[in-house]
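For reference, chains read A, B, C and D in written order, and residue numbers begin at 1 within each chain.
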Amino acid sequence: MIIVLRPNVTQGEIDHVIERIHELGLKPHLSKGEHRTIIGVIGDENKIRAEPLQAIAGVEQVLPILKPFKLAGREIHQADTVVQVGRVRIGGTAMAMIAGPCAIEGAEILDTIAGLVKKAGANILRGGAFKPRTSPYSFQGLGEEGLKMLRDVGQRHQMPTVTEVMDPRQAPLVDRYADMFQVGARNMQNFDLLKEVGQTRKPVLLKRGMSATVKDLLMSAEYILAEGNPNVVLCERGVRSFEDSTRNMLDMSAVPNVKGLSHLPIIVDPSHATGRPDLIPAMACAAVAAGADGVHVEVHSCPEKALSDGPQALLPARFAELMDRIRKLAEVVCKTL
Amino acid sequence: MIIVLRPNVTQGEIDHVIERIHELGLKPHLSKGEHRTIIGVIGDENKIRAEPLQAIAGVEQVLPILKPFKLAGREIHQADTVVQVGRVRIGGTAMAMIAGPCAIEGAEILDTIAGLVKKAGANILRGGAFKPRTSPYSFQGLGEEGLKMLRDVGQRHQMPTVTEVMDPRQAPLVDRYADMFQVGARNMQNFDLLKEVGQTRKPVLLKRGMSATVKDLLMSAEYILAEGNPNVVLCERGVRSFEDSTRNMLDMSAVPNVKGLSHLPIIVDPSHATGRPDLIPAMACAAVAAGADGVHVEVHSCPEKALSDGPQALLPARFAELMDRIRKLAEVVCKTL
Amino acid sequence: MIIVLRPNVTQGEIDHVIERIHELGLKPHLSKGEHRTIIGVIGDENKIRAEPLQAIAGVEQVLPILKPFKLAGREIHQADTVVQVGRVRIGGTAMAMIAGPCAIEGAEILDTIAGLVKKAGANILRGGAFKPRTSPYSFQGLGEEGLKMLRDVGQRHQMPTVTEVMDPRQAPLVDRYADMFQVGARNMQNFDLLKEVGQTRKPVLLKRGMSATVKDLLMSAEYILAEGNPNVVLCERGVRSFEDSTRNMLDMSAVPNVKGLSHLPIIVDPSHATGRPDLIPAMACAAVAAGADGVHVEVHSCPEKALSDGPQALLPARFAELMDRIRKLAEVVCKTL
Amino acid sequence: MIIVLRPNVTQGEIDHVIERIHELGLKPHLSKGEHRTIIGVIGDENKIRAEPLQAIAGVEQVLPILKPFKLAGREIHQADTVVQVGRVRIGGTAMAMIAGPCAIEGAEILDTIAGLVKKAGANILRGGAFKPRTSPYSFQGLGEEGLKMLRDVGQRHQMPTVTEVMDPRQAPLVDRYADMFQVGARNMQNFDLLKEVGQTRKPVLLKRGMSATVKDLLMSAEYILAEGNPNVVLCERGVRSFEDSTRNMLDMSAVPNVKGLSHLPIIVDPSHATGRPDLIPAMACAAVAAGADGVHVEVHSCPEKALSDGPQALLPARFAELMDRIRKLAEVVCKTL
């Protein structure tokens, strides 16, 4: 940690800062330059990070040096983490192809879609039973009934399942039926929910919040890891931007960026990122070429009758074409499906 | 609702769209222009809003005409809502001056700060017992013990209190001790939490999410109102932007913007918006001049020892100076403190 | 164009709007719904687009239906445009691999880099002689001397060249030496410069502005096309966002998005988009998989001594590795290098 | 400047960095911590700022300590600058009230508007003769003819005038007729234009670019100051954001933020920032309360017939009401009109 003092700092202010650092059991290291005096702080940066040193009179800036995510970071844990969801592995060279409808609407339609995406090459089935909707008047999901359908259909097609948990009180229920929790973008900083899923050992698909930096995403993963659950898969799903022709802006560079900082797998969800079926296939291909550990795509056999997010669903036939291309791209980047 | 069809739409596609509209019990109104065919839809727009018409072949755009927030909107409910928190009124010409420390750290320090802000003119006391922190290693709040301190100190200084609720399971506890719930920016779309506080009749201070549009904010208010709780006060507290010298970007225009769209009171929190004590007074003054129904400021008597967000706290003396200026500005814009 | 009237619009206001539309030689089409009255306007939307109908009393919204870019749009001109730069073709199945240093620093170093990138597979040489620098104290480029070096080195290695033009007064000079103009992100809406390069027939590489939407980019291309120059290649190079770990945010979805709206080729510049050599290869690969018509990469044989943007330059050896991977990916997406 | 080395840096890499610093005539100051080695660099930071030290192997981060704007910054030049435009002073306690139509459309209408805004209390007349329009098909301004009208009308009403210059080639012409140059948001980083107006001694109104940080704005001012022209007035006019109900997002905190960093005056333009007449008065009032040195408002006597930006123009009667309120607010913040 480096503390930069103001140009006109007094000796009394300098002494006070140094005293505070000693109080914290750390060692200050004073260095007077031509224009500024700076104080290097040696010792456990996490101890000092939480301290409001910036608030001390005479302090201009506090510059942290170390990364704040210890468990999610690659500095200590260098090898890629591989997360196991049922018999599917995510990470290393193994890719997850997660597909299914936005919301679970009924057993029959879910079964149809599951059969089609499985045949095309998907290996994990998704579907929402609890739906976070902007409007209180929109379809809110089938709840436990939906979870049962998901479990049954998943078992029939031998696909592990992932579904969203929105409320810490739902965690035990979702835990009973699904193979992987999804924590949605709107809940990326719902810290009580993160702690709750952190207390299980079930894999968690943690989606990036709409205004979260890559560092924020890793800090949210840290919440889950700190509770003892090492099975976290990150998901880039687009962030808010001024561009108004897509639902969000897909930050593709988050893939190599996260891979440099963290050992956790990261997949990409082009469905929510773009909200446009005409852009999803190109973005899914780009994600694979960028080194993502998987892709998450919403597929619906009749988008115009879907109860949630129909306009962004891919038709099964287009998903199958996409999978053909993804297989070839995966080979080029040395991944296996 | 207006449906714009693609340039090369076929008659079969047009017929199919019209059929779907009839199925929904609504009336289509076809209009063929030189370059495009459009279909106006007459009837309950909320019925059709949830339908994925955009997903139908041949449809280029679906343009909604009506606002999606019925209860929060001003179209039906035209008069300004005044929310009562203890003996304090917020809305109309009455302003809330909410002040206090970021986190409740102890009874004594809270009492000191409460005494100082009360004397300076604050009328509601704030303080966090449950703290949403980016890092799992940061101070997470004193919980129920903190809530008790807040209640006691508030009573002693005859100030109603507001404190954050982060988890639906905490709602009954917070309800017992505080006079107003705060739903923080990170939870603005925690829909289960919104429903939970919506089921009480206690006032709710709903903060705008970091990537929420004004419309999103009103839709989240709609969740609370739809559960039956009419006592919602909105709060602008800055949004994420590329500007890196302030913590967030304070969207001051949200004040008159919300006032045009909604009857609900709106206050401004310059502390979280800027994260910088040198900018807070100017932004608090600007908020009052812009017509805000109140201001929310973090004050700490020793920022350098605060357990949370110390660097953005105002010293009590500076808060008192600010209140002097606010009183004069409030008079110009015909508000009373 | 659809004009939505306010809920409480008077008959006098409606009559006035209709009169204005007739004055413009267009046909209004009134439609009264339950909650709103709307007026469809039939005729040349470009005529009405410039009119401030939104300013008329009683008007709530004006919703345009047609795209504002006629020449850049795909509605009239459906086939992909192929732009020829020297002997290199960009567009259709032909890809441009543009590489070279950020700034031209000297003939020798430019020659070295050109030899290396040519050998690795680049087909167009880049290098800046006029540099737009944030600080007036930074290296501003070698000017005409640099342009001569670029021409000579390009000829020696049989590579056509592209270089930035920043000022309309420089256009004749740049035209004399280079094979393609580059209009940089900061000048995307320097309309006098766009008109100037539009009056030549030399290809223009038009980079997206840091806060430009895809539609804004196409409107800027429209300026060049409207002057008679059809040889425009678009370039996605990242936009400003709240993410602070990359220089900009690469909007990869702009590639298929532009391809849907326009017939013009679009390439991707991962160097400026990310500003980080560790992310550039993954983003270049992703761009190819997304269907881009080329990639633009800054390469320097000694980044630590580069006079401009050294930290984001790729080393020649890493560029060569990247080209190997790009060749394989291009094959999968049916492009030729 | 502080250079942070990577965790696994080698001694050879450290030696190389130190050698490079010595080559630049600066003094390195090595400090080995538990987790990281850092090198403080003592000497002229501007010398090292332009050097690509980040590109050296083993370097993780380069942290600048000093501000890059020397002439615009307050560190050396501490007193507020007051810029004189004709007989109007801007800065210190003196406020500029700049008003007029977006574009100059004709002598008569300009004269009418000038008379009305002057009577209401405006002290500088604005009007565009060269218009930067997103579309090449929109009205582009009257050019020199418009400049003559502006000069004549300004003289008749004894108001100094400000008008936009878009192209360095127009600078002599604009210089001849107007009292103040305006450099628009789209040209904030048109460095050749900045140099051109910097070579005159005429005041320059420099508007913040749509994706410019406060620091970028000050760096652009630095370009003008470095050419020798000290008469720069900054203008906050909104930046691009995800909020889609306003044209831009007005960053009100830029006012005190700039005042802390720089001695230059800063005014606010709520017309372009919001694009909505219903929000302009509240934002103009907020700007005054925030300490702005002036306000810039577009006024038109018949917005529905304006040739440019009519929908965002204020009617003269509403402008007069606004001025009444501004006068009272200015008094509270100790400014004079």
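We take it that a contact is a pair of C-beta atoms (placed from the backbone, for glycine too) under 8 Å apart; a residue touches a chain by one contact, two chains touch by 3 or more.
Worth saying up front: this structure is predicted, and the values here are computed from it rather than measured.
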{"item": "Furthest chain, CA centroid comparison against chain C", "value": "B"}
{"item": "Type of chain A:chain D copy interface by residue overlap (half), same or different", "value": "same"}
{"item": "Distance from the mean Cα position of chain D to that of chain B, given in whole angstrom", "value": "31"}
{"item": "Gap in Å, rounded to a whole number, between the CA centres of chain C and chain B", "value": "38"}
{"item": "Chain centre separation (chain A, chain B; CA means) in Å", "value": "26"}
{"item": "Overlap residues in chain B, where contacts from two or more other chains coincide", "value": "211, 239-242, 244"}
{"item": "Chain C contact footprint on chain B (complex, rising order)", "value": "2, 4, 7, 29, 31, 33-36, 38, 40, 42-43, 45, 61, 63, 65-66, 75, 240-242, 244"}
{"item": "Complex interface listing, chain C residues touching chain A", "value": "211, 213-215, 239, 241-246, 249-253, 255-257, 260, 270, 273-274, 278-279, 282-283, 285-291, 325, 328-329, 332-333"}
{"item": "Chain B-facing residues of chain A, complex", "value": "20, 46, 49-50, 52-56, 68, 132-139, 166-169, 186-187, 189-193, 209-211, 216, 219, 222-223, 226, 239-240, 303-307, 309-311, 313"}
